[in-house]
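Here the chain labels run A, B, C, D and E in written order, and each chain numbers its own residues starting at 1.
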Amino acid sequence: MNSFLRDGKGMLLAYDQGFEHGPSADFNDQNIDPAYIMDIAQKGDFTGVVFHKGIAEKYYNGKVPLIVKLNGKTSLPKGEPVSTIVCSVEEAISLGAKGVGYTIYLGSANESVMLEEFGQVEEEAHEEGLPAIAWIYPRGEAVKNDTAPEIVAYAARAGLEMGADAVKIKYTGATDSFRWAVKAAGLSKVFMSGGPKAPTDETFLAQVKGAMDAGATGLAVGRNVWQHAEPLKMTASLRDIIFRGSNLENKSQG
Amino acid sequence: MNSFLRDGKGMLLAYDQGFEHGPSADFNDQNIDPAYIMDIAQKGDFTGVVFHKGIAEKYYNGKVPLIVKLNGKTSLPKGEPVSTIVCSVEEAISLGAKGVGYTIYLGSANESVMLEEFGQVEEEAHEEGLPAIAWIYPRGEAVKNDTAPEIVAYAARAGLEMGADAVKIKYTGATDSFRWAVKAAGLSKVFMSGGPKAPTDETFLAQVKGAMDAGATGLAVGRNVWQHAEPLKMTASLRDIIFRGSNLENKSQG
Amino acid sequence: MNSFLRDGKGMLLAYDQGFEHGPSADFNDQNIDPAYIMDIAQKGDFTGVVFHKGIAEKYYNGKVPLIVKLNGKTSLPKGEPVSTIVCSVEEAISLGAKGVGYTIYLGSANESVMLEEFGQVEEEAHEEGLPAIAWIYPRGEAVKNDTAPEIVAYAARAGLEMGADAVKIKYTGATDSFRWAVKAAGLSKVFMSGGPKAPTDETFLAQVKGAMDAGATGLAVGRNVWQHAEPLKMTASLRDIIFRGSNLENKSQG
Amino acid sequence: MNSFLRDGKGMLLAYDQGFEHGPSADFNDQNIDPAYIMDIAQKGDFTGVVFHKGIAEKYYNGKVPLIVKLNGKTSLPKGEPVSTIVCSVEEAISLGAKGVGYTIYLGSANESVMLEEFGQVEEEAHEEGLPAIAWIYPRGEAVKNDTAPEIVAYAARAGLEMGADAVKIKYTGATDSFRWAVKAAGLSKVFMSGGPKAPTDETFLAQVKGAMDAGATGLAVGRNVWQHAEPLKMTASLRDIIFRGSNLENKSQG
Amino acid sequence: MNSFLRDGKGMLLAYDQGFEHGPSADFNDQNIDPAYIMDIAQKGDFTGVVFHKGIAEKYYNGKVPLIVKLNGKTSLPKGEPVSTIVCSVEEAISLGAKGVGYTIYLGSANESVMLEEFGQVEEEAHEEGLPAIAWIYPRGEAVKNDTAPEIVAYAARAGLEMGADAVKIKYTGATDSFRWAVKAAGLSKVFMSGGPKAPTDETFLAQVKGAMDAGATGLAVGRNVWQHAEPLKMTASLRDIIFRGSNLENKSQG
């Protein structure tokens, strides 16, 4: 996982929303262009950028370490979620990936499909010397609240048990409860999932600070950066929190 | 994708309707004969022709670049649509294909089956140096209106993210909304899907002009050409719009 | 397909009913014995005989070209029909097959399973230099009338599009409507499916004549021959119609 | 199949009930021990013994030809039966098998799963020079009476058509109706399935005599031998009927 | 199985609950850390430790023989249980495993999925010289009481028949009924499953004593050790019972 860390911390720019949510849900005329995101990743000094294979093939410029998401689905189908492999580890590597990502909808009636595939992805990635990063999102009929502390901790732990080098999980809303999730992840690195654009910068930065204080390794962020009017300014604030452990109050004063 | 472009634009003649819709739905005594279509493709200076493997094997004459459709279904079964591989990339190549096509019913409860297969098709085609073209049709219980701008844009984007070199999508009905879909497709080429025979030539030509004005690379057309009383005359009109950017009004006056 | 044709016409003796319908539905003490059928095939000068692999292995004598049916099901299960591979192309060849057959229940909710398998069968058979023959029977909830002209034509066309060298389809009941099916099949050869024993010889012979007049290549017949009290006499009548284009009226007079 | 025949007849000792029915359903303190059964097989001069792979691996002593059952299920799940491969042909051979067995629940909604697997088993076994024996049990919603003559004959015939060297089927209850099943099986050998312990020895021996008189090759018996107070005495009676064609009346007098 | 036995007896420390039940269900700040469990395994002289691959990769120190659990699921999904492969035999070996474990939910509507996978696991493990250990838990709609003697015996027997070198089964509650399960397992070793933390030490130790008296080979224990305030003291008591056959009364007095 060291390829994606700086001083043991990481800040990943994620851009799979065009596939997972659809362009009209999340994009404007500017951020619909993957080149815009590649540019932010580079200028914002991100330690990694996350693309699906099609974006990687046509837009990746090699300036920031690449994670290719190996599975995907659209937001259109109803019912229990399932997301299956659309890109092999081998193809990801051929596109320049230094790591691979895979989403597991824990608790879905189709959970076993994704656990089995991730098991294979992890084995193949490790054989190739690449980290396997698990996006673990509890979802489906059986999951009432996907940010409940015990659910987030379960997601973190499932990642550790499955051999994920890092897990991307949602924030629980409080440092203390997120600390339990970080403990559950053990030696797997924890990346907080940025989620939808927060109402104010302060709200989001406080969440990131909370996660870092709880022991997270870093952040995987998308909309809160590239939907921001000043993405590089937001990124600078994030860097301060993640890599320099800045106190949020200082931040908002500074 | 250059094999199927002339001056960066493309005009594909599609003829998979005998499988997808049935011969009695779309054919008459003339156009039921694949040789008739092969002839139009050649005389009409199409930049590509699209056949299923059986037609390709028995009727393809090598005069126009060939795209073989790799999956297919009939229109008979009810329920959530699924279309699976009936021809391998390898077999398509042995039939003379310079590109492969695959249909994804986005939003179907079986979406994951097709996303996974297309992912493999794309990888194998690219290894062989062939473009992979995605016919992306949102369909199924979850899709209320398959020409709604945000749905068409989603189709376009899913193609880009999946690594399609080109996407074939339906027209949204207006240049402005189709421009958003073209933007969503990014560096994937956009081909407007011809659809059923339009009530008048003008209606159809206006759609094509609208798509080209929105930035489309071209058109994949079937019924509006080979159901036409004068297919080569219609083709000439299409060529003017696609390759010479003719103004439609001039066209209908000329 | 030439292995199974004489002067461009073909007459196949089919004997898969023990598996597909059960012995008690179709057999008597005589025709339950596959050796009896092998004998008729040889003495009746059939251009091909159709067996499942078990019959081929134990009873085939090499005197008539062999088609091995690669998939099968019993008539017992209810619900949407599905018939999957029970014999590989390779095994069929090892049993002496010069062609392979595969049944597709078009319109079944399981249609995609059979389309995909037939696609593989066709590819493998053609690599080995064998024709692939599709038994195409529209069936399932979505199919109201499996001899409706547009349904039979759809079956024929699906065979052509899938790369079948020949299709076995039901008779529509009239020459004119069957001619449309033959046109839909294009360069795929059309074999009329014999079906259950007709009430009189004349009825059956009239159907065969109708199919041949419509352009069929031949007939795949079972029960109307081997349930017949005088199978070789019936076969002689069929030969006259199929290979010599005899007029039926002459026949019944003669 | 000759490995399991003596003078063209066979007597197999089956012992898969611990898996298929559970130990508490069929076993006592003595016959729960596979060594007890191995001993009966040897002392009783059986022409074959049938074990699942685990029993074969730990208890088979090489003194009687071995058939390994390749698929299995417990009696616990409700719904349409399905039994899938738990032992490969290759593994069976490594355990000393001279033949392989596979159960097909004909008529089950899952029938196609088992037909396809048996098709592969048969091919692989024959490549290795081993006979493939089909346990064919019509079962599921669609099967009202699994010993009805036409159903038993269907089972027999399906085995022949699928390439089984021998079929194990239930007794129909009468010689005449079982004779039809034997005819349906053609050159596939018919083994009567012993079934649950009969109320009296005479009842069971009469069934076996009936089956042999109908042309069966032999018997696959389990509970009627190893649940018997004197298994070797019962076995001696069976041997007389199967190999010496003893008249049952002589038997019960003698 | 000898790698995991001492004087023919075994005591395994199981730690897959973080995956199977979730960290919040079973862990506290101490035992959430796999290093704590690895330490207990070593200091407590366990004959084996059971981890999922992720824990094995990051925490296994080589001091106690390792069993890697090859399949897994979370407790979140409702409906008939299914647990599929997440780690190959090959990967387990690369992590240092000397044995592999696999859970079968006997009686589940998905039973066949797990029986088939375990069949493959057993074959591959034995080829590599490793024992295959089956966790057999009857579960699902069809199973009313998973500790009923006949159900536990069925679990044991299924393991033997499937080729398991050892089975892990629940205690029936009494020595006599558990003895029947041990008999059913035959030459497969029986490990009692520890289950949830017992109300008192005496309760649990009495169960273990009961199982050992019934002929069990040993115990696979988790929560009753690592949720214990003094895990090494509890372990010492278990060792006395398992390896020295201590009488429980002596134990509680001593």
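Things to note:
As a working rule, a residue touches a chain if its C-beta (ideal position, glycine included) is under 8 Å from a C-beta of that chain, and two chains touch if they have at least 3 such contacts.
None of the values given here were measured: they were computed from a predicted structure.
Counting the residue numbers that touch the partner chain, subunit A and subunit E have less than half of them in common. Work out the mean CA point of subunit D and of subunit E, and you get 35 Å between them. The centroid of the Cα atoms in subunit A and the matching centroid in subunit C are 57 Å apart. Shared contact sites, meaning residues of subunit D that touch two or more other chains, are absent.
The touch graph of these protein chains is a ring, one cycle where each chain has exactly two neighbours. Beginning the circuit at subunit C and passing next to subunit D, one meets the chains round the ring in the sequence C, D, E, A, B.
Contact residues of subunit B toward subunit A in the complex are 106-109, 111-112, 115-116, 118-119, 122-123, 138, 140-143, 149-150, 153-154, 156-164, 180, 183-184, 186-188.
Residues 16, 18-19, 22-25, 27, 29, 32-34, 52-55, 57-59, 72-74, 76-79, 82-88, 91 of subunit B are the ones touching subunit C in the complex.
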